[in-house]
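A, B, C and D are the chain letters, set down in written order, and residue numbers restart from 1 in every chain.
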Amino acid sequence: METTLVENLPQVTAVGVIIKAVIILAVISAIAGFGTFVERKVLAFMQRRLGPMHVGPYGLLQIAADGIKLFTKEDIIPQNANKLIFMIAPVITAATAFIALSSVPVFPDFIIPEFIPLLGGTFVPSIASDLNIGILFVLGMMAAGLYGPLLAGMSQANKWGIIGAARTAVQFLSYEVVTGLSILAPIMLVGSLSFVDFNNYQAAGIGSWMVWQQPVAFVLFLIAGFAETNRTPFDLLEHEAEVVSGYATEYSGMRWGMFFIGEYANMITISVIAAIVFLGGYDPEATLGWLTIILKIGFFFFLMLWVRAAWPHVRPDQLMWLCWKVLMPLAVVNILITAIVVMV
Amino acid sequence: MIGLSHYLIVSAIIFSIGLVGVLRRRNLLMLFFATEVMLNAVNIAFAAISHYYNDLTGQMFAFFIIAIAASEVAVGLGILIVLYKKHGSLDLDDLSSMRG
Amino acid sequence: MSLEQFKNRNVGTQNYKTLDLGQSPTSGMGKFTQVIKRSVKGELFVGLWVTIREMFNALFRGNMHTVKYPFEKLPISPRYRAIHDMLRLLESGSYRCIGCGLCEKICISNCISMDTRYDENQRKEVSEYTINFGRCIFCGYCAEVCPELAIVHGPRYENASEQRASFSLFEDMLTPIDKLNLQQEYDGFGAVSPNADENIKQTPLAY
Amino acid sequence: MYEIVAFYLFSALTIGLFIITVMSKNVLYAMTSLASAMVLISGFFFILGADFLGVVQLIVYVGAIMALYSFAMMFFDATRDIKEKNTNNALVFLLGGMSALVLVLMFSAPIFSDSIQALYPMHEGAGNAQDVGIVLFTKYLVPFEVAALMLLVAMIAGIILAGKKMDQSLTEDMSADDEIMIVKDEK
């Protein structure tokens, strides 16, 4: 993958890519940790509570406390579990989430200033690997991400885990269809699979945003994104009220934490895709152009928390009904109409 | 430099692994897995040939192989479930009721 | 509130409201129209609006409902029945308990134990008085039966302690002598209520 | 340089994982190694410049086909080893080895044939996805539609095969279900 990248963009060096990868890993991990804090705070505010307040000012150091707790907790592996798979599963979730982020433009291009020894003057690209099929790659990696919960549930010799794994397979497989089909209509309009082309297509301002042309696709993508990131209205994989904790029942410590980091990284990925594909993305010319996309990503992230505070869960049969009888026909009809419009 | 032969050798090795699996396994699910291994080996060969001859036909065939694998899994899983309902096992030796 | 209202245990016959959910549709078309109706009616957006409204109310209008408990405590009812307080006489500062033993007798969980003796002035004094808070059910009978209003229920409801001896001794429950000025007369369950005079019916002199 | 490292890494890992798939007694190990090897094969496709094929491999093979297999695996206890009689191991290995030899010869044949011309050459500049799309919807339109039809037929077949007695439990015996039915009827 890196070979094609180096061929495509001559000014990008391997060092720059590695720096970018490290930045993504570090920053997104930190944001994922911070996301838990934001989620608690927002949910608390919406329930007129204060949320975490004790550790640090306004509870800001709660992340550190959580991290210490997760790292020092006993790492329990059940006796009858398939130990190797049990240990690998959370890594799959986290790894696929971060690999998906590698082809998403998250941070701006920048050049490391000259005064820093060794790395001075290195160009760090905005996308770690600028595949010209970026969107499909992200969707594919998120599809591969279903193995985390699936293997976790199947390896732990626990009936709740098996139910969680079955729900993983059903939910992710079904909603991948909706994600792909809903994003197909914008792809047809733009005629490219690259995030950069999407961004350039909508560069003319708010009026040219994809939302106005493809409102149905936008809504469908959001719904499917909620299902793919296992967020609340479709939080059936680890729904405490039904299956104790679903696939994560037997997990503790940092292995459980890795599921969490993966989930939050996936939330960020879905937010970034929604922001770039539907809400105009970033503005490469303006100096503060990157602030706009961060605001958009923040809006989608907040929307996920907001929805969690407001809406109830659905039943698994309702979830399948929604996917196959409502969303998928809508997506197909949307594609058909878009195709007719594009052709005519 | 990596040439076409490298890819073809890897593909052949993987194909023979799949073949060994098909010959060796008795469990129906494992047989399906071995079949997938063979299909993937062929896919690698097609993609490599397509790359080194600068021709898209290989990739086209790889797509169709993936489509075939997808339909295989749909029908195969149906058969798997029916057999499991009927016999309570997926072992081919248990399923051979016509041996007389 | 009259006594009858307290004694009425027929919860089912009280005026509860029953929700009129209507008939759930059985036909496919009916289900479809129900989904369409519910989607178009925007009930989901009402939910979103309510949560965001509560968030803004909480953040900017001071409607936050959190009580940071160990640091701030809600005022509790004066008639709350928590850990007992032994009161002192305001005039002399000596404790009110006369050692009659009524509380020990009436205690239904048998958790009060007391011992008395005569001191050098031939006055009865309480030599030992403990309440086993592991057994106490905080029924309030002891406070109600006390003729001297010596034992009352105080507002101290944090019962956790490192040792159970730490708050069950007489001296611990007794109002500290230096805080005598803070002792309130109407302080807990079993004390005379402020409108006691109005409630007392005069016994006719003929009896 | 990258290509060489990536090729050897990927091929070593793929072959190892496929051997695990074929040899493992545990169905969960087999499934996991197969799925991860397929991810690595998509890596091969990326090295070979077949980006779209790689992504299709990821989405369809890894995301859908293997997930369906694992869904079928829910019927068994995945943590338990499967018992199967392996007869004639030597013969199997001999046959496998021989067919491998034949395959090597077969696959090496095109290397010596220089006269092969590219029928549908890739275009420089155009992305792989565009190229694939153009060829797929012009020259290969009929096979494409046939493949779509085949998928539809397979889907219907799968639904009919698996869904015929969907109301029956796979794990419990039928008599228990009958009792439940009777109770329901009386009510």
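The rule is simple: a residue touches a chain if its C-beta (ideal position, glycine included) is under 8 Å from a C-beta of that chain, and two chains touch if they have at least 3 such contacts.
Given the structure is predicted, the values throughout are model-derived calculations rather than measurements.
Interface comparison, A-D versus A-C: the pair with the greater number of contacting C-beta pairs is A-D. Centroid distances built from C-alpha atoms place C farthest away from chain A. Centroid to centroid, with C-alpha atoms defining each point, chain A and chain D lie 26 Å apart. Each chain gets a centre from the mean of its Cα atoms; for chain C and chain D, those two points are 68 Å apart.
Look at where the CA atoms of chain A average out and do the same for chain C: the two points lie 50 Å apart. Per-chain Cα centroids separate chain B from chain C by 73 Å. Of all residues in chain D, those touching 2 or more other chains are 3, 49, 52, 64, 68, 71, 73, listed in ascending order. The touch graph of these protein chains is an open line. Of all possible chain pairs, those that touch are A-C, A-D, B-D. Looking at the complex, you find that chain D touches chain A at residues 2-3, 6, 26, 28-29, 32, 35, 39, 42-43, 46-47, 49, 51-52, 55, 58-59, 62-64, 67-68, 70-71, 73-74, 77-79, 127-129. By the touch rule above, chain D contacts chain B in their complex via residues 3-4, 7, 11, 14-15, 18-19, 21-22, 27, 30-31, 34, 37-38, 41, 44-45, 48-50, 52-53, 56-57, 60-61, 64-66, 68-69, 71-73, 75-76, 82-86, 89, 92-93, 95-97, 99-100, 103-104, 106-108, 110-111, 116, 118-122, 131-132, 135-136, 139-140, 143, 147-148, 150-151, 153-155, 157-162, 164-165, 168, 170. Partner chain D is touched in their complex by these residues of chain B: 1-21, 23-27, 29-30, 32-34, 36-37, 40, 43-45, 47-51, 53-57, 59-60, 62-64, 66-75, 77-82, 84-85, 90-91, 93. Chain C contributes residues 35, 44, 47-48, 50-52, 54-55, 57-59, 63-66, 68 to its touches with chain A in the complex. Residues 1-4, 6, 14, 80-82, 84-85, 88, 131-133, 136-137, 139-141, 143-144, 146-147, 150-151, 154-155, 157, 162, 165-166, 169-170, 172-173, 176, 180, 192-193 of chain A are the ones touching chain D in the complex.
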